[in-house]
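Below are two complexes that have subunit A in common, paired first with subunit B and then with subunit C.
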Partner chain A sequence: MSFRFNQENTIKIASLLNRYPQKKALILPLLWLAQKQEGFISDAAMKNISEFLELPLMHVYSVASFYTMFRFAKNEKKVIEVCRTLSCELNGSEDIKKYIQSNYSDRFEIVEVECMGACSGAPMCTLEGKYFENVTPQKIDKVFNDN
Partner chain B sequence: MRITIDDISIECEEGELLIDVMLNNNINIPHFCYHQDLGADGNCRMCMVEIKGAKRPQIACDTFVKENLEVITKSENINEVKRSILELELLNHPVDCPICDQAGECKLQDYYMDYGLYESHLTTPKTKKGKAIELGSNVMLDQERCVLCTRCTRFTSEITKTGELGIIGRGDSARVGVAPGHELNNPYAMNVVELCPVGALTSKDFRFKQRVWFLDTSKSICHGCSRGCNISIDYNETKYTREKIHRFRARRNARINQSFLCDYGRLSYKELNNSFKGTSSSIEDLKELLKEDKKLALASPSLSLEQLQAIQTLCQTHNIKLFCLAYYDESFGDGWLKTNDKSANLASVKKLGICTCQEEFDAALQEAELILNFDHTLLKHQEFGNKKSVQFTSTHLPPACGYCFGFANFAHDTGTLINCEGITQKFYATRFRDKNPSLSELLEQLR
Partner chain C sequence: MITKIVSKNFEILNSHTMAVALENGRYASLENLFLQKPREIIDTISQSGLRGKGGGGAHAGSKWQLAADTQGTKYLVVNADESEPGTFKDRQILSKDPHLLIEGIICTCYAIGSHISYIYVRGEYEEFSDILQSAIDEAYEKNIIGSGAQYPLDITVHRGGGAYICGEKSALLESLEGNRGHPRLKPHTPQAESYFGEPALVNNVETIASVPFIVENGAEAYRAYGTEKSPGTLLFALSGHVEKPGVYEAEFGLGMWEYIHTLGGGVKNGKMLKAVIPGGASTPILPAHLVQEAKLDYESLKSLGTELGTGGMILLDEDASMVKALKNLLRFYHHESCGQCTPCREGTSWVDKTLDKFIAKTATTEDLKILKSVSKSMNGKTICVFAPAASGVINGFLKHFENEFLECIQ
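Let's turn to the complex of A and B:
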């Protein structure tokens, strides 16, 4: 299986190249683009990135595995991320998490994550990367049942 | 410049690392991640010392010496710091020393006995990681025993530049590993076993063979090529078995091999266990033989200077044409430790003025009626037809029609080698005598 960045991402990479003094600084943006393109980071994508950046494959794998938000396998289900950091916790994320887990765990993959920078809308969660703020059980039912 | 370590005044040079000064002066300083040939990384924090004037303990591997620096390595305070660090290093360690091959030469064990001696505070289960993973090139990995000093990953990324090893994950799931579908594969890979301060990386070739506290060590030189890497030979003799050599380890020499050894050299110890087991021919017969005309001798270029001298003297007294042909292999050298010249002592051969010319040798071989071969692989297994031949061998040979004399190999002999850079080095015999005499003793009887 081989991996190539698509047209759109190749253009993005070309413009990102000018931004950093060293090519290896692109490692995180490239991993992000690869994950966006395929939904996960495949071995072939890491190989492509390591060749492009002239870094050992293990280096790329090391960096990718350090961050929990990079995934190495294709998702069977859609992913719900529930914030568990302070602001959301104080605003009842614990109950939201329990509610989602008891009602939606068969249809979605539920992941607890740290702060996603939307504290003004606590408690919050995401579905497929899309933010939902000030969530309540009613709001959850409405949004998740539409998907 | 002078500094004081534990009330002892020590001479050192500007710009040196404190830990180097300590190691060079045999001052005990616990450390995992620092290695004199890999440099500092500063991740293990075990080399904490108190420095007079500094607010809090400093790591010795990141402190440069200054005039009149006063260092304390032993105090209630600093031992407490080391104890806490060690407890964190050992938090998820399986403590399986009885079945661990590193036991006896493990830094975790040593430091626990020196600074630890605590009861574990852990109430939750230990983190489980991969065990008995084959990394390739004879290296086995146990991720649970690892202290994440990154010596092995720094070796592959900075020394061999192959970059196979890295740290996967983070926090308590961080572990050493190779990229999916790849393996550790370079001609120096087994060095990581020796670099590993704990039992995480062990050698498939050595593990479960011997407990290290039953091993004796002798200082020697690798005979694999002309580089002359310094090695320690680990051997022992048990109640029911003759002496056996179990492994080679690199012995540090900053001028030649630093602390490294190629896998070819490291595994070449096996030949040393294959010494001549047959019965040597009678020395009186040999004396008779030496009265022949047209004699030729071929000496191995891996013999020691002393052995070559003895052969040369013999050849001069008995009017024998002496040759020595180099073991040359174009595909062996790599610009670092390995050299194309696989003879250990060609420099000595040239120093003694022994003929190394292939054409002259070929011509002399045609004419010769008696051939004496001193351990050279070229003639070892050759049939000579109606010519008489005498084999002097350090390895086992099947019974042949010619005359054969076994002599002790370099593990059981003491001698001198000159390496490809002209550095003269001595190697020393193990404690146990070989069944066969040394070559010099053997030739002495011919006088």
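Let's turn to the complex of A and C:
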């Protein structure tokens, strides 16, 4: 498998190059563009990034794997994240997690995450990165069944 | 009781767009800005007593001076990593008034002599950083920033990849350079932070968003709010067991209980308060009787053995289990340790596992000793203050609620 950035991303990358004093700073922006383009970060994409930035492949891999938001395999299912940190737990996130797990685990991949900066809307979850706050089983049914 | 300086435009419809922002006073401070010399702006910020709102409360003026005095190409890096549990204030600025942030960046860059600014936004905030990006695009179109602006300046949004530790300023700069987000060893003498070897100023979103008010109205106008040592306002926030969770800007120095009661509507479902974690998950817990005494400023909270932190208060009601709450926080620390220092990497893992025994009510007196000694070993000899903060959290729970832990011992 090979990887090339599409034309739209290639244009974006050209303008990003002017924004940083060293090319190396582009690792995170390029990883994001690659993940957007393919839905995950393939070995070929990392190789492409390492060649473009003239950095060892190991460096790109070590950086990419440090962060929790990069995926290294294609997701067959859409991702639901459920916050489990204190403000959400105090407002019933464990019950929400159980509800989602027992009703939606066949269609979605369910991941527990730490505080998402939405504590006033606890309990909260996301669907494909979009925030849903003050969730209840009813609200979950409504949102997830539309997707 | 609400005092709106930073949150003035939050409720205005479409305040994130240029047209509405301009109608509501955004970019008005620039006129005053360019009438003054950069030095004078730094002096004004110093006199205003503005303190960093990212958790540490450092004096902004001194940091700016240090960056201005350091030779080299200067960078302003805005910290929008906001990942401290219980903290969700910067997000309000990014999505409801991004032009206020841009205006603050222009003022700050002018003062320290920087023409390049990055806003490092936590990866999860994609929806909100998209709003910020459109505001930046609009500012470029209007030549408010860019090469054609009165003060040439580039602003770039840099999206994080999901890692709490990248909120620590040196880890953030490492991440921004294209490395893993590992905190750096601190120099012994005060120095400007560095980005690829050049001087960098790192400030929190809300700190920068407070600047236009001061530039426009002067230091005294800011000092008219708050206390002598904690001047101005903060976007304090409430979550957990509270009736009306949210972000409510207020002057420093208000009574904590008064704030919770008046703005937050008190404890959820009319229950009694057991405790408050005052300023994000990393600040030691305050039991209810101390909440009555506490004032919302740096000095008062310090005297009560805790910290103001980010001002994000988490309430726990009379039925909350302190063992369960501590377990929740230690799981967070274990998950988020960057792993560079042994006391932190091993310690957070150990206390997290030890707490499981308390939850299962199978703990022994030995386990309580372990908890205390591991906590002690985490407080010292680490590269950043993440591990000492975790230690402070454990000590706070044990100091005020040890009886609940003793009840879990076989």
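The working rule: the second predicted complex is superposed on the first by the 147 of 147 C-alpha atoms of A that agree within 3 Å, B and C clash if a C-alpha of one lies under 4 Å from a C-alpha of the other, contacts with A are read in each partner's own complex, and residues count from 1 in each chain.
Just so it is clear, a contact is a pair of C-beta atoms (placed from the backbone, for glycine too) under 8 Å apart; a residue touches a chain by one contact, two chains touch by 3 or more.
In this text, all values refer to a predicted model and were calculated from it rather than measured experimentally.
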For A:D43, decide between first (touching subunit B), second (touching subunit C), both and neither. first
Residues of subunit A touched: more by subunit B or subunit C? C
Does the superposition put A:L31 against subunit B (first), subunit C (second), both, or neither? second
Touching A:P56 in the superposition: subunit B (first), subunit C (second), both, neither? first
Contacts of A:N103 with subunit B and subunit C, given as first, second, both or neither: neither
If you stack the two complexes on chain A, which partner ends up touching A:F66: first (subunit B), second (subunit C), both, or neither? both
Residues on subunit A lying within both footprints (that of subunit B and that of subunit C): 55, 62, 66
Taking the complex as given, what residues does subunit B use to touch subunit A? 157, 162-170, 178-182
Subunit C - residues contacting subunit A, complex: 73, 82-88, 90-91, 122-127, 154, 156, 158-164, 175-181, 195-196, 198, 237-241, 245-247, 277, 281, 312, 314, 316, 320, 324-325, 328-329, 331-332, 335-336
Complex interface listing, subunit A residues touching subunit B: 43, 46, 55-62, 65-66
Residues of subunit A defined as touching subunit C within the complex: 16, 19-22, 24-29, 31-32, 53, 55, 62-64, 66-70, 84-87, 89-91, 113-122, 126, 129-131
